[in-house]
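The two complexes that follow have chain A in common; it is paired with chain B in the first and with chain C in the second.
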Partner chain A sequence: MSNYKPIGGKLLTKPFIVMMALAGIAGILLLQRFLFGLGAVTNLSDGYPWGLWIVYDVLTGTTIACGGYAMALLVYVLNKGKYHPLVRAALMTSMFGYTLAGISIFIDVGRYWQIYNILLPKYVNLNSIMFEVAFCVTTYILVLWMEFTPVFLEKWATPKAKAKMEKIIFIFIAFGVLLPTMHQSSLGTLMVIAGDKLAALWQTGWLPITFLLSALVIGFGMVIFESYYSSVAFKRPLETHLLSKMSKFIGGVLVLYIIFRYGDLIWRGALKDAFAGDVNGWMFIIETILFIIPLIILFKEKLRNNAQYLFWAGVSMVLAGAILRFNTYLVGFSPGPGWHYFPSVSEILITLGIISAEIMAYLVFVKKLPVLPVIEHN
Partner chain B sequence: MNIDRKQFFKVLAAGTVATSGVSTLFARERKLLPKNAVGILYDATLCIGCKSCEVECKKVNGMSGVFDTKLEQSHNVSGIWDGGNDLDSKTLNKIKMYRNGTSSTKDKETNGYAFIKRACMHCIDPNCVSACPVTALTKDPITGIVQYDKGACIGCRYCQVACPFNIPKFEFDKALPEIVKCEMCKHQLDKGGIPGCCDVCPTGASLFGPVEKLMKEARRRIKAQPGTKYRYPVSSLESGETQTHTVQKYISYIYGEKETGGTQYLILSAVPYEKLGLLKLPEKSAASTSEKIQHTAYKGMIAPVVLLGGLLYAAHRSTKQDSTE
Partner chain C sequence: MIKSKDKNGSQIDKHYTEQLKERGISRSDFIKFCSVAVATMSMPLSFAAKVAKSITDPARPPVIWLHFQECTGCTETLLRATHPTVDNLVLDMISLDYSETLCAAAGHQVEDALHKSVKANKGKFILVVEGSVPLAEDGIYCKIGGKSALDIIKEIGPQAAATVSIGSCASWGGVQSTYPNPTQATGIGDVYKMNNIKTPVINLPGCPPSPYNLLSTVLYYLTLKKLPKLDKLGRPKFAYSTLVHENCERRPHFDAGRFAEKYGDENHRQGHCLYKIGCKGPETYANCPSINFCDVNTWPVSVGHPCFGCAEQGVGFAKPLHEQADVKLVTPPAGFPNINEEKPGGVTIGAAAVAGVVAGAAITASVATAKKIGETEA
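Take a look at the complex of A and B:
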């Protein structure tokens, strides 16, 4: 069993204070949102009913949070125990990512005071992809906190309680893999019903598969990114050897993604739209390049074993998946001529505030709780 | 151990693939028109653009004008009908105009003009109903009217993303917002009346009736010889009231007959439908595709349960190893 411990250190650093300010500003703007309605702070319209909050905070946010999913899959299910040191940090980001996504949904939803309707049997609509997503995400947030309990117990409870929890934790781990598999794919299916309003470069029945695979890609990208970040920021040794071994597995997922995504585009004859020279075309090309970069790095052993390259592969993977989501939900989505959307300053500030809150929580947790692995000799 | 694992992977892979919905290639069966479905036939060649329907729509639905400013409301008089630029959260129907060149002749594509009335199409296979996570939008099993229940709605606006006609509108300007859409004046129908817009239409351009009969009426009009006289029913098929007008050269297609699985709001026109802002849409609804994907993946919940079983086994084995290590 790997050992973890809090890394300690001062909490109120300068960046931390800046983030507190950002979160504060977001708080004030949120007050405005709840008092005067969504229109008061957002640029949302009847044509573009979903904007930055849904696409970044919810979609991209939960996917970035898929580090926990990706690692749980690798460590527990594929039984690659040697990656264990990375699990807790990944799990924790998932927990925050999803919790904040949950909060973002609450903010975004117009009739938030009856949001619990989604869990009432009398209102269930099994045809609705949104119902499945909402139900899974809610359950997953609970599961993530349960998966994380050993960390709390390690700190505050008796060893006995911890041991008990560890006996049943496998149940939560299993759900922790099942639920994201379900909802990350459904987050793709969600747009199928938009029909022709979504450009052919993105509209396909394979959306669930490409979204699921790209969620894994982002998840692993995040694990790489985070482990580098924590090694630089907290002066910890790099886990390159672990990461580079893991990257073979990631490479496989990437290849699968590319086969589905581009195979489908060719099959439907939609690939030509990429060269139309319009915004859609260019955004598609950027998306594609971002998926290709990590593929090259991961398949060249020399590059893969180089910490810097691996880092950029991780960043590129995260960006690729994020752009895929922005493209599918905003860039490629057009309700018809006359409608436009670009997030308002307030919308952006609220998103920044939410990201700040997430990073602050991360810092508090790694500094105060046993999350990161104990540094071993080198 | 090794064999065990291989087997387990097979199960896992099967579960994963099924869970994420592989059979995406077919849509489910088309939905059928409810038995006593009611609808509206809008004949653009009869419409004179008077907007009486807009006024009455606001009146019977108790909605304020879009430009209802403080000044307009002074002395206790207020604007009652001013609509927005397009359908919006205060405007359930909207008469729009097509103009070309000199706009001299009605119902002509070049150098002509024509009107078009937009409102909810009351789809036979509505995307909005399929999309709504809390069943706030439902299709009445008898009349087929697509109606809204604010007590259920959580305001997620997925219906707006899903509707191919951009019909559901949301009150972005309110702290406690609702979705707003035409419900075919079901409160009027309950009282034995007919939709406000049809009730006041002076020419019969908006005509209420059972969808099947409206469809027959529409076909008859298309078949009628252009230039001849035709007795057009006014307000509703059953009103008994008619007016005689000259038949225009109709496009020989009823908009709404097939679009996105068919609609209960049908449109006739002499000007091509695209010119009136009516999109070409596939014959099967997007809902039929997305439901098919979903129900294939979750059929009897078998795939998720199998996957869960595999995962439980794997996670159990691996955590046990952890603690014995």
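Take a look at the complex of A and C:
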């Protein structure tokens, strides 16, 4: 059932060269980071040991990479086979997102040469959320690459090998659904421990479920964004018919998220902080608006079927989830008087380099491997 | 015999209660003593009742106490324990048939008593040995009643139910075994091994050891009729399983990097860690910091002298007093964090500019994509 095909075309386009330059700059800065330590490159401090790299590259990165998780949930668990054409691209985005998140953790850990210790059975602390996240993310990276093997096999191996792989792939798909459910919620739990250091607008025992549901929202948002973006970039027909139908499901998840998030805020009486007029309050309002825009678009059939609106809904969902994470980990987090954090130029450039590397890998894979569905000519 | 039941449900011989009264020991003092002994062994408190019962058992096991090459410090520590009842109780609950220090009789009379007791209680008595056995020149360096220590132990050792080697000398040679060890002073365990004597040996090293470790060992044997769990050096685990360093009251100073550099300096006066002036706590296994000495909650480290490792073979009397210990667990780091960390961070113009460019580029790209989607759709 080879409904997928490499799209071909020239690799070294102008944007590709620009991204190579960005990745190159990041590479040089990374060399500096590994030779002279975190302090030489970042603005991280004892007050803010987690900065841009953790919040964007790891948290937002893996959440954006939840497209694969969201699609696997929809196609395999809810058995909506008609969305299958979207799966491979989503899966690949996840694979890159998670792999780079793993690499980012390695970059961000001060004593990176000791990082393997976290997975040594004799040091394992089963009560640690950090361990749960580390173990889960590592396993999930492997699972994602396994889930993606049919693509490699299709390109380089015999059909027999691919058929064999497809017989056992359900195991990896099952893990592929289970693992993100575990660690995406744990990524929220991490900040429950921060206690009063995190502003009441974000600090709640429901953080795990907030993070899990918003990860699904972002995952779907990314599927929409990525589908449209590749359609335009590679001059392929739009997939609005599929995306629009899928949006009803996304809308459901979004409503569930909003019920949990805002129900909890009202119940705890923290909602009034939104109107305090400070940075926290405004950031919360921006976050809320970004969650409400897609809600309106997805529930109005006319808007939903309009590709441009649907695209903006996708962008808005991704941004909303990203801002929720920035708010929870950086904006709403106050380690005490005197501490400040804003990423340094080098930190931002390294993150940009990592994003560039991810997009470059996406372009290479899409052009050389059967990832995107064959265009149906009506 | 009339038995009275106390509130803990334990039965104490009425006769014994009267005896206690005569000595000015109240019932509650006696129960308190049993509880302390039980706590030393890390046993549940309910065990105190059992201990009380075995102490008051009229059939007291015979104990033979031999002195070899030593200073009698171990006996002294037991007798000088200021806890009002330690010596009385240990002497009353056991039947001390022979002890050179404590016997009223002397000369042939007491030698006779020793042999009679050994003969009468063969295989039943507990042999406590204080001091090492000199092996050089057929053991002529220590003779009692015309017999060498080696001959005495070879004769009595095999007939004992168990042997308690009290003090470092009896455990592994102690101070006399320091290089060049002219008398070839040897511990009881090794002498037994050389002469193929199978009697179990419990080592209670220390110079002197805490009297409570002896009491607890004896009480354990009396109550459960078996030996306590021993480590591979034959020391009871309840007393010798943790490093002095682990429970030391100065440990927080070690972890924070506050060390006395020499006697009487500012850090020494402040009661900081003695590691740098040669404290052997980090390589010595004993419970000194937990139970202290002399019933007045003190031990050498409390009064500013480093532990010299008396309880550890190869450390006490072997390593120079001011040589730094070989830290068995966590070594002190090369550098320590400041109390007041610098608080860097904050927005720089460059970082803000880069962040702005990135955000602007993302927005432009999204708008452009949306426009193209519109064109494609049309």
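What we mean here is this: the second predicted complex is superposed on the first by the 376 of 378 C-alpha atoms of A that agree within 3 Å, B and C clash if a C-alpha of one lies under 4 Å from a C-alpha of the other, contacts with A are read in each partner's own complex, and residues count from 1 in each chain.
Everything that follows uses one rule, which is that contacts are C-beta pairs under 8 Å (C-beta built on N, C-alpha and C of every residue); 3 or more make two chains touch, one makes a residue touch a chain.
Fair warning: this is a prediction, and the values are worked out from it, not measured in the lab.
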item	value
Side-by-side fit of chain B and chain C on chain A, or clash	clash
Which of chain B and chain C A:195 touches, first, second, both or neither	first
Chain B versus chain C, judged by how many residues of chain A each one touches	B
Partner chain in contact with A:343 - chain B first, chain C second, else both or neither	second
Contacts of A:46 with chain B and chain C, given as first, second, both or neither	both
Touched partner set for A:231, first chain B, second chain C, both or neither	second
Touched partner set for A:38, first chain B, second chain C, both or neither	first
First, second, both or neither for A:13, with chain B first and chain C second	neither
Touching both chain C and chain B, counted on chain A across the two superposed complexes	45-47, 338
Contacting residues of chain B [partner chain A, same complex]	5, 12, 16, 19-22, 24-25, 86-89, 127, 129-136, 150-158, 160-162, 164, 166, 168-178, 260, 279, 281-282, 285-287, 289-291, 293-294, 297-298, 304, 307-308, 311-312, 314-323, 325
Residues on chain A engaged by chain C in the complex (per definition of touch)	43, 45-48, 228-229, 231-232, 237-238, 240, 306-308, 311-312, 315, 338-345, 348-349, 352
Chain A partner contacts - residues on chain C that touch it in the complex	337, 341-348, 350-352, 354-355, 358, 366, 369-370, 372-374, 376-377
In the complex, chain A residues that touch chain B	1, 34-40, 42, 44-47, 49-50, 75-79, 81, 84, 108-115, 117-118, 120, 123-125, 127-132, 134, 166, 169-171, 173-175, 177-178, 181-182, 185-186, 189-197, 204-206, 208-209, 212, 333, 335-336, 338
